[in-house]
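Take a look at the following structure, please.
Chain nomenclature is as follows: A, B, C and D, assigned in order of appearance, with residue numbering initiated at 1 for each chain independently.
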């Protein structure tokens, strides 16, 4: 069991119809992806051909911010507002798709982009899975 | 001229068709609203009847996070991705609407909720104005 | 191997004398603690006796923010500035100590505070270990 | 009166011996500096000679994160913990000094670095003034 899972399990009020497994997974992927994107932006910055990685750095910066916010919103359950959860999940899935696509273009040349693209794909999937389960 | 306006004016590459005035206004409202929501969550927490303000605190917490992320995404122009800008603006307008509505319910009783509701309304409007201008 | 570890290993330039194991551990604990504190603030908010948990919620809010910033600063290696690394690690260790102490006071009564206190202790330790290794 | 000032004035409990003017100023400078640093990192990224601005981008990234966290911590007054306030103010003053110094080195060549350096100097000063007033 992970800490995010433990925190969900010890939440003292009702979680309603939320799928706990999908929610836990999505929270974890959001924080993992945020760290990966923060590190990938920095790794791109140290590459010799940084000028060719501008779009990738930008995508990483946005994706890191959006994943952190999404991970935090999903970590709260009191006064649940389905509209906000849906909006941030959609924004997060979009940011992960854009960043994953961009990183994937450099994955052969830069290992950090390969690792980051994988984190983006998993987070995008987790957001979409959770969105679907929300109905 | 504000610092956000100065930063936009000194951006060394093209901003494309973005409406600079609406963009500057939206960036400023996002950061102002994020601060107001952070402070309002804390002010609610110190109220004697904090138990009645749970939903308001949650709305403030989410709105603060989403406004900060939106303000940061809008402060970046390199490698512009219209899809991400639209998604975060929609999420931000939704968060500001939810938080503004919630704070407005307590505005008569709590001055901090009144000030915060006004900040949320302005930010919601600025997000929607920018969204419209994006076409 | 974790994603944070993979990202560190694929960083394309020199990491200098940084202890990679302690650095990876600290990054992970920062993000884990940030999530736990965000969730614990929210769990406290839903407790019947929320009025008695004001100080705990505040400590959680600060600790979450500081851990996220620390985790992000530590995820960057380009243009390393030892002074900033030291300052944020000290602030993070202090925030984790304060929050861990506060959560520990309620650990018997609230399981979420118990889980969160443990995350704070681990993060505090990881920050102090990394600080010591920096010399 | 600014929104940050209004929020401080409507805080419903005691602010203790905190200097309200210095506190309000510091909160505003933190958020302003965070926006400027976010925008300056992005502006540097679009410069033709981005490879020479690596250290500046890194300094901006860290300073933005630290200023945001400091601005949020300072916006909370419930359950005040002087140790945490001091630690984040010290970290913020250091980050602003490092980033201000780095941006100042490019201020003649890049207007965005000039504007950002000024925001960093003001924020550093505001942090140090508030620190001094805390005793």
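Note that contacts are C-beta pairs under 8 Å (C-beta built on N, C-alpha and C of every residue); 3 or more make two chains touch, one makes a residue touch a chain.
Just so it is clear, the structure is predicted and the values come from calculations on it, not from any experiment.
A.B. asks: By that same contact rule, can you tell me which chains touch chain A and chain C alike?
C.D. replies: Common contact partners of chain A and chain C, which must touch each of the two, are B, D.
A.B. asks: Going by average Cα coordinates, which chain is farthest removed from chain D?
C.D. replies: Measuring from the centre of chain D, the most distant chain centre belongs to A.
A.B. asks: Please tell me whether C-D or B-D has the greater number of C-beta pairs in contact.
C.D. replies: B-D
A.B. asks: Approximately how many whole Å separate the CA-defined centres of chain B and chain C?
C.D. replies: Taking the average C-alpha coordinate of chain B and of chain C, the gap between them is 27 Å.
A.B. asks: Which whole number of Å gives the spacing of the CA centres of chain B and chain D?
C.D. replies: Here the centre of chain D sits 19 Å away from the centre of chain B.
A.B. asks: For chain D, give me the residues that contact two or more of the other chains.
C.D. replies: 42, 45-46, 54, 57-58, 61, 68, 72, 76, 78, in rising order.
A.B. asks: Looking at which chains touch, is this a line, ring, star, complete or other?
C.D. replies: Drawn as a graph, the chains make a fully connected set, so complete.
A.B. asks: Quick check on the complex: what are the chain B residues that touch chain A?
C.D. replies: Per the stated touch rule, the residues are 54-59, 61-62, 65-66, 68-69, 72-73, 76, 78-81, 83-84, 87-88, 90-91, 94-95, 98.
A.B. asks: List the residues on chain D that touch chain A in their complex, please.
C.D. replies: On the chain D side, the touching residues are 41-42, 45-46, 48, 50-51, 54, 57-58, 61.
A.B. asks: Could you pull out which chain B residues touch chain D in their complex?
C.D. replies: The contact residues of chain B facing chain D are 3-4, 6-8, 10-13, 27, 31-32, 34-36, 38-40, 42-43, 45-47, 64, 68, 71-72, 75-78, 110-112, 114-116, 119.
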